[in-house]
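For reference, chains read A, B, C and D in written order, and residue numbers begin at 1 within each chain.
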Amino acid sequence: MAGNTFGTLFTVTTFGESHGPALGCIVDGCPPGLALSSADMQSDLDRRKPGTSRFTTQRREDDEVRILSGVFEGVTTGTPIGLLIENTDQRSKDYSKIKDVFRPAHADYTYQQKYGRRDYRGGGRSSARETAMRVAAGAIAKKYLAEYAGITVRGYLKQLGPLAAERLDWSVVESNPFFCPDPDKVPAMEAYMADLNKRGDSVGARINVVATGVPPGLGEPVFDRLDADIASAMMGINAVKGVELGAGFACVAQQGSEHRDALTPNGFVGNNAGGVLGGISSGQDITVSLALKPTSSIRQPGASVNIAGEAVEVVTTGRHDPCVGIRATPIAEAMLALVLMDHLLRHRAQNAGVESPTPVLPATAGP
Amino acid sequence: MAGNTFGTLFTVTTFGESHGPALGCIVDGCPPGLALSSADMQSDLDRRKPGTSRFTTQRREDDEVRILSGVFEGVTTGTPIGLLIENTDQRSKDYSKIKDVFRPAHADYTYQQKYGRRDYRGGGRSSARETAMRVAAGAIAKKYLAEYAGITVRGYLKQLGPLAAERLDWSVVESNPFFCPDPDKVPAMEAYMADLNKRGDSVGARINVVATGVPPGLGEPVFDRLDADIASAMMGINAVKGVELGAGFACVAQQGSEHRDALTPNGFVGNNAGGVLGGISSGQDITVSLALKPTSSIRQPGASVNIAGEAVEVVTTGRHDPCVGIRATPIAEAMLALVLMDHLLRHRAQNAGVESPTPVLPATAGP
Amino acid sequence: MAGNTFGTLFTVTTFGESHGPALGCIVDGCPPGLALSSADMQSDLDRRKPGTSRFTTQRREDDEVRILSGVFEGVTTGTPIGLLIENTDQRSKDYSKIKDVFRPAHADYTYQQKYGRRDYRGGGRSSARETAMRVAAGAIAKKYLAEYAGITVRGYLKQLGPLAAERLDWSVVESNPFFCPDPDKVPAMEAYMADLNKRGDSVGARINVVATGVPPGLGEPVFDRLDADIASAMMGINAVKGVELGAGFACVAQQGSEHRDALTPNGFVGNNAGGVLGGISSGQDITVSLALKPTSSIRQPGASVNIAGEAVEVVTTGRHDPCVGIRATPIAEAMLALVLMDHLLRHRAQNAGVESPTPVLPATAGP
Amino acid sequence: MAGNTFGTLFTVTTFGESHGPALGCIVDGCPPGLALSSADMQSDLDRRKPGTSRFTTQRREDDEVRILSGVFEGVTTGTPIGLLIENTDQRSKDYSKIKDVFRPAHADYTYQQKYGRRDYRGGGRSSARETAMRVAAGAIAKKYLAEYAGITVRGYLKQLGPLAAERLDWSVVESNPFFCPDPDKVPAMEAYMADLNKRGDSVGARINVVATGVPPGLGEPVFDRLDADIASAMMGINAVKGVELGAGFACVAQQGSEHRDALTPNGFVGNNAGGVLGGISSGQDITVSLALKPTSSIRQPGASVNIAGEAVEVVTTGRHDPCVGIRATPIAEAMLALVLMDHLLRHRAQNAGVESPTPVLPATAGP
């Protein structure tokens, strides 16, 4: 495949360019019987959408999603769900300046080399706008997981540039524009972003995502491991450069006696495993952390080349988030939900006809 | 699929348990015309194999691979390549002690929960022994990449517990038992490992893998991105808990003006991208780093439960590497080679009939 | 997957119900550089569309296809092509009569059993209306095959009920409403259809499809054989109950000395093989024949049951083709084009880096 | 993929050439808990094996299958099942005569064109010997289907050249060398085969396969339809040139009032559908018919060309079945079982969390 499909049994295939007529996707494999309306997707789309605060781009993307198929009388039928978002804010901007130039850290150069041509308007297919469809599809998975499997997926901003959250208070995550779980850090983040804006620069971020209520047994043993699929899902988000599960890179300096999570009749103690052992969920929380690079579109001039290989200076104008990481929280949640949904269905298929064993241990939360 | 196949056009499907009669795999999609003999795989198998130094387990695994099909008169024919390694060192050990017990940090508990039963002898399918087949298959990919595409894949140990290599001298990597590129650190590593052995403990490691000569244009734009597939390949290696490309987690604290690699008529300057922009190779080196947790099998007693959910103390006996990371270097190389091979074929398919554009920039090495 | 995707490298994923807001599909894997506009698809859509003669249903389906992505400045970019057809002729009909009843020979009963519910309006997902998207996608494949590979795909009606074409005159196929290649049979077909209409009955048909210019070497050796994929593509068309290649069922009574096509320096003699030997194209024409059952929606009352399992009599009203086979010619062409396109790309990928052998024999036509 | 894998959730990947060291396959996705030993496969392997009567080739293929993984203490564990058959009867024959010559109706020419080379010994990968692995894998599916789903798959020879069975007496199928269900025809078949042998010619055959006990609801709605997957499975068997379901090609001349199977409170009346409506099983028997071309290896000289394109006369010597169709019955059963097994698992996955509806109708047999 040409790489626009995610998943095996619960699949999402997306299409659409930043400045084309529309974005869309097909969600295939959703079990019948799930109550579903566009409102179920709209709240996550709104969380992802730019223009919601002065720290994200002021472009107005209405991101109104329409369900075109697969739902009848308010309930999924088992047939593919077609989703569509029309691009309403396509300003007839002049792109001639960047048409033959490769913006540094963007995908301009690689698309040109891969395909011999590219839709240069707003990044075309490589625009983060494409992730709107992942969020819409992920919202369906989230809803199914919550209603049929008792699984909750949620995320937060762990670090913005040099500023790391030190507390995890879920109750404040949705009430600040950064998805920051540490209310004490919000003022510093606001000041930091204002300074970046002034200087025309951008910064990276670290996002954490957590799934609770995941039953043990999800994930295949060797290649389609739950952790491998999560790594693929996260690294596939625009701008991500690193992915960790549980202890992550900290495990390099850990000793075995320290890293291993003890099993007790009351559940696991600790969660260095991040909820996955041998590629299969353990019943612990799934804890994932990802690193997002700074926004590539910044106002400071940068050295590059044009399509003829000549040196040029590139200045990006227009409206851009100074930290793409801020908007990545709902995207990361969506991708984790898609992975879990797929493996939930796979697990049920493969254990078909065999009694599913009752978990030996009670579910236990991560740190 | 049940998850024992890797790749899309160049696929590897493995089977085999640690203490069953044999391990094997099928490599499907290898182009015809590649000269191939079992010796081409044996050298990497020997690098991976335990018992090669006193710092790896003293089990003797002969790991002699046989080619059962797909090669005729010394050359691949285009049909699937069947590979087999017989398990010759299956000691008739008594496993009754661990039969009903879940060793902490192992996959015992998760396999039991997934399947309702498990082959408990030596970890069964979850044993690192399975990776022998990945190394064999990867050796085929490595050979094709080198001979037909000018791509080289190699790796080294970046860090062993607290001890990090500070120099990268490729010439010494193969001449010490750690794959360490910094000869000055080898004595300290030896001492550290000796101490671990004495205490019956283990430690984590960081492995770096680099691919040079990768042409721009490999990778699909949205889901089957080159970086996403690399992340999946690496996280799918036993014991891996984190994966980075290029700057990795350091990008969280970078600003955009610092992170972006400038394009110049002489090539890229720097390699924060790790050779991938927008999911597609840029012509820079592909630089990957992975974190491996400490070996789970240690001699120090650990708290766990048995299959009835009762508290038990587990002591692992037998021969085990105190640092699985040491043997992971050839495995990580193999997995990176498999990903590149697959995307090389995919790229050629999709650009079929269209002139492949000459790279605008010369190839440039990473840091 | 839930079965709404066709192909491996050139994939088509469709969505949409007969009476929902829209039908759509995503064509993924189209190489960049192909000139493409909606007009390229519209002519085949118009050939498939009902209401074009008094022998097909008088429903008016505008079937105007919009390209939503993947084409920039009139040329494909290599990114997925989103296609959409709005359903404009959704009469607010009363479906309460068939809501709880299973129409014989329809998919009503099987959808209900599979999903526990169904969109009963006009057959929902099982409606032949879904094939509009296959025709649109197939038109892209046809165009690529013609322009980049010299392959032509075309079809005709071989038999309508008891009336078989005896001559194959390609020049008349498009100038009669039956796609009949034998002008002498057209009046009899008209009379036969008029009689069926009067009696409220329907009839089956046989369609032949031929691909010329196919190079030898397409198709995989064991499972994804060219003939196997063609069989799947054809049997997957609504109402198809049989598929043949070359001699087809006639080979049951043939002897080996009669069946085998001789190879001569001027090419093959005969085409009992139908252009495929060992699952791989031979350079002969690909000749496929398929059987379509009579339209299930007829005005004559039929015995069935309702959702409670009680006996009921079903009478189908509304506008329906008395022979679905008539409209199947462009659908069968589309499916054959999709299979060939996929295998063309696969072949190029797998022979990457290896000189593609010049055919030993000149191309030869079938009977 | 390069086409050596069959299935989606229950997959079979095969390798091996006729005269290489061994044949093998990996069965992935078998649910845990199935009692399995090599004896379960051996009986079907013996039914397929040549040398069992004087009407099949006298080559001795021991076809002893070994289970290398995936079974522990006599029961499947859920991990991949590796199977191996060593090639013991590799006579050191002189193949120099056919090395550069393309035997008519064989895959010699197409393999050469596809790959630029081929293993010419005994047909290499294109040999019917490869189907031994399909039969072994199919036996696992058959066993699961019988034990966990109440589904039985069996087949018989419907026609041998001009001689058609007129009665279907299942009790005699296994007691004659033709799998013929009509004992009155066996003597005529014996005489016919003896005559063919004398003349050095061969003949085609028609095989019927029937699955009983299939629950309604298996199969996906649009592309991965149950009938499409069956068509692919059957057309993918060596020498098959046609596939029918239910009424098959007879439906061309049927009228709608005649073709449709009535639904009654006691089940379906008739089985023109062949057990599939809208791509989904109906609960009727699945009835499949396939046409096999005559054996291509015959002793009568045939016209062909050599690798230089020069005219040559080819005479095939050695031991060959005069009717490959005879041995195809167990292969066709195996392939049908693999398709049903795959769709059984897919169905369970997709209806996960949703009550599976009780069939409205009782199961009904076909004609």
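One rule holds in what follows: a contact is a pair of C-beta atoms (placed from the backbone, for glycine too) under 8 Å apart; a residue touches a chain by one contact, two chains touch by 3 or more.
Please read all numbers here as calculations on a predicted model, not as lab measurements.
Trainee: Based on mean C-alpha positions, I'd like to know which chain lies farthest from chain A.
Mentor: D
Trainee: Copies chain A, chain B: same or different interface, half of numbers shared as the threshold?
Mentor: The interface of chain A with chain B is built from mostly shared positions.
Trainee: Taking the mean of the C-alpha atoms as each chain's centre, how many Å separate chain A from chain C?
Mentor: It comes to 38 Å between the two C-alpha centres.
Trainee: Approximately how many whole Å separate the CA-defined centres of chain A and chain B?
Mentor: 26
Trainee: For chain A and chain D, what's the span in angstrom between their mean Cα positions?
Mentor: Distance between chain centres, rounded to whole Å: 45 Å.
Trainee: Counting only residues that touch at least 2 other chains, which ones in chain A make the list?
Mentor: 1-5, 8-9, 14, 29, 32-33, 78-79, 114-116, 125, 221, 346, 350-351, 354
Trainee: Quick one: in the complex, what on chain B touches chain C?
Mentor: Where chain B meets chain C, its residues are 9, 29, 31-33, 78-79, 144, 148-149, 221, 344-346, 348-354.
Trainee: Going by the contact rule set out above, which residues of chain D touch chain C in the complex?
Mentor: Interface residues on the chain D side: 1-6, 8, 14, 102, 104-107, 109-116, 125-126, 130, 159, 161-162, 196, 201-206, 215-225, 227-236, 238, 240-265, 269, 272-274, 276-283, 291-296, 298, 300, 302-305, 307-311, 325, 346-347, 350-351, 354-357, 359-361.
Trainee: Where on chain D is chain B touching in the complex?
Mentor: Touch residues, chain D against chain B: 1-5, 8-9, 11, 13-17, 20-24, 26, 28-30, 32-33, 66, 68-70, 72, 75, 77-82, 84, 114-119, 124-125.
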